[in-house]
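Read through the structures below before going on.
Both complexes shown next keep chain A, but they swap its partner, so chain B is in the first and chain C is in the second.
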Partner chain A sequence: MDNPLSLAPLFHLGPVPITAPVVVTWGLIAVLSLFALVSTRKLSLRPGKTQTVLELFVSTIDAQVRETMNREPAPFRPLVGTIFLFVLVANWSSLIPGVEPPTAHLETDAALALVVFAATIGFGIATRGIKGYLATFAEPSWVMIPLNIVEQITRTFSLIVRLFGNIMSGVFVVGIILSLAGLFVPIPLMALDLLTGAVQAYIFAVLATVFIGAAVGDAPRPERPKKEDTVP
Partner chain B sequence: MNFDWWTLALQTINVVVLLWILARFLFRPVARIISERQDAAHAALDAAQAAQAEARAARDAARAEAETIQQQHAEQLAQARAEAEREKKRLLADTQTALEKTRAETRAELDQMRQAEAQDMARQAGALAIDMAGRLLARLPESARIGGFIEGLAEAVAALPETVRSSMGEAGPLSLRAARAPTEEETARIRARLSEVLGREVEIAVTPDTDLIAGLELDAPTAIVRNHFRADFERIREELAADE
Partner chain C sequence: MTDNLIQIVSILAAAIAVSFGAIGPALAEGRAVAAAMDAIARQPEAAGTLSRTLFVGLAMIETMAIYTLVIALLVLFANPFV
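== the complex of A and B ==
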């Protein structure tokens, strides 16, 4: 039996080996893109059912970002929403027979975590400037600089390992039970995987929001109008 | 377990591409339509507030106009009342004047009627007195109708101015009327007495006239001397009428 954690290339594009998670991801990208194109083709001020769901989804993401970061959600909406949608769809792709979710492989989770890591640094620098962002590593004291640097790395790894462990374990359990018990026995576990996949997608998106929010800091409060000095 | 760096790189690219696609074709349009709906809702709310403000302004204007109309109505009513009051006073004054005039006219007419009635009564009383006197005189001797009046006639003639007396009886006999035809003695007494007061002999022509009731009346060209009951009654009646 092959190691289920190892990736065998399906084919090569020149020197680049193309593995199953990449192919499945391409399929998911195609499906999501098609869905995006079709669902946003006839947006109107009087929404239908699909548009209502989409607006509810976007409004929920905005509310989550606004609540977590205390900032206007527009710059962060695409990243948080894309991460949530992709992780959710990737996790649920295990329902399709013969398809292994890309998030059950370490490379996909690492790619997602890498994007979040890069976005954290990018938004932090864009908001605070390079000096301001680097200064956050010395908070609350310069003594904390090594710990903060380690934290940046470890929390990224925790993102990877958390998602990988949960999804991979579900796939393994379903595969083992399917091979031992029969066709319909793993159905409850697959339903549990649906819940696990949704929760993991939510956790990944929320953690990404928290990390980015910590990098950009709180929004500056609007200054109160100064009281004019009055001479009695 | 091994880690495929190519897969990591491809998946990273895939995530970035998916991020761009969804940002471009999903999140941006949906966020835009949400924003448009919010703008439309705000615009509708602003329009509703503007319409409400306009309606309030129109209501205030209508209220002010109603108050103005009410005030004008009150002023017009007050003017009409004042005018009606003036007209009422004028009508009352006119009525009062007309009433006074009518009253005065009525009073004058009443006075005239009363005066006419008094005159009529006086006339009737005179006639009654004449009748009564005539009846009373019928009980006296016939001589009393003339004899008692000769002296009075002579005194009245004597009281006339000299120029009048001198012309009396010059042109002919003095015309004399008597209550009845005098006897020759009475005629002689009358001529003698007149001749005495006139200072010369005069002739008389006596004409009987029962209207005189009792007495004599001298009818000269320049003077008439009445000494009889008829004349007395006439004078008394005139005096009574003058007193009333």
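== the complex of A and C ==
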């Protein structure tokens, strides 16, 4: 059985070794970008099928962000939406024969979690200013400063390991079952993987929202008591 | 000989880690699902919100079991002593 923690390079691009997950990631980026470009080419007030699905997606993410952060979702929509969409498509890419999901490797998850980490700091500084953001580390009292710093690191680490462990274990179990039993036996497990993949993508996006929301703090004024019905 | 022993101990350690690491999350997930069932039975109209929160909570709890799985894999595949 091959080691899930290490990777052999597929080919070299100059001095840089390129591995299979990187190529799959490029493919996913290309497919998602192309889809986004083509489907938003002609938007109309009377939406067609594709546009309806896209609008549903965007409004669902908006509702989620609004519910979690109590803020207008516009500044956070691109990041959270992209993270959710990318992780979802990456988790589900295991359905394509011969493709191993890039999120089943530690490096992709580490990159995603570091993006979230950087975004947390970035949004925090952008809304509170450097001094204001640093002051949040001393809440509720200065005794908590080391704990707060440790928390920043551990929660990023747990974000990495959570996604990696869930997706990798799915791929691993399917591989083991396939080597033990016949051709069609792992299909129920693959269906379970689809569920796990969707839930993990949702959790990754929600946690990113929660972290960013904690960094930017509450909205300056309490507004809009109205509440949309969200899709469960 | 010592190399062999290290491998035997590693495999044992991985098996023990996963088996004991699964107990806590299993109990916790059972409690969480039971509480959610109770809540849905009392208030069926909140089933959507409840099940969404339940799923997120379950995945969070499950992560604890996944941590032990990752430790087991580290012991098996990235053991610093082999």
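FYI, the second predicted complex is superposed on the first by the 219 of 232 C-alpha atoms of A that agree within 3 Å, B and C clash if a C-alpha of one lies under 4 Å from a C-alpha of the other, contacts with A are read in each partner's own complex, and residues count from 1 in each chain.
Everything that follows uses one rule, which is that a contact is a pair of C-beta atoms (placed from the backbone, for glycine too) under 8 Å apart; a residue touches a chain by one contact, two chains touch by 3 or more.
If you're wondering where the values come from, they're calculated on a predicted model, not measured in any experiment.
Of the two partner chains placed by superposition, A:I187 touches none, neither chain B nor chain C. Of the two partner chains, chain B is the only one touched by A:V115; chain C is not.
Set against each other, chain B and chain C touch different numbers of residues in chain A, with B touching more.
In the superposed model, A:V161 makes contact with chain C only, not with chain B.
Of the two partner chains placed around the shared chain by superposition, neither chain B nor chain C is touched by A:I145. Of the two partner chains, chain B is the only one touched by A:L54; chain C is not.
In the superposed pair of complexes, A:I203 makes contact with chain C only, with no contact to chain B.
After overlaying the two complexes on the shared chain, residue contacts for A:S39 are found with chain B alone; chain C is out of touch.
Common to the chain B and chain C interfaces on chain A are residues 3, 5-6. Looking at the complex, you find that chain B touches chain A at residues 1-4, 6-8, 10-12, 14-19, 21-23, 25-34, 36-37, 40.
Partner chain B is touched in their complex by these residues of chain A: 3, 5-7, 16-19, 21-22, 25-26, 28-29, 32-33, 35-37, 39-40, 43-45, 47, 51, 54-55, 57-59, 62, 74, 77-79, 81-82, 85-86, 102, 105-108, 110-112, 114-115. The touching residues of chain A, counted against chain C in their complex, run 3-6, 158, 161-162, 164-166, 168-169, 199-200, 202-203, 206, 230, 232. The touching residues of chain C, when paired with chain A in their complex, are 48-49, 51-52, 55-56, 59-60, 62-63, 66-67, 69-70, 73-74, 77-78.
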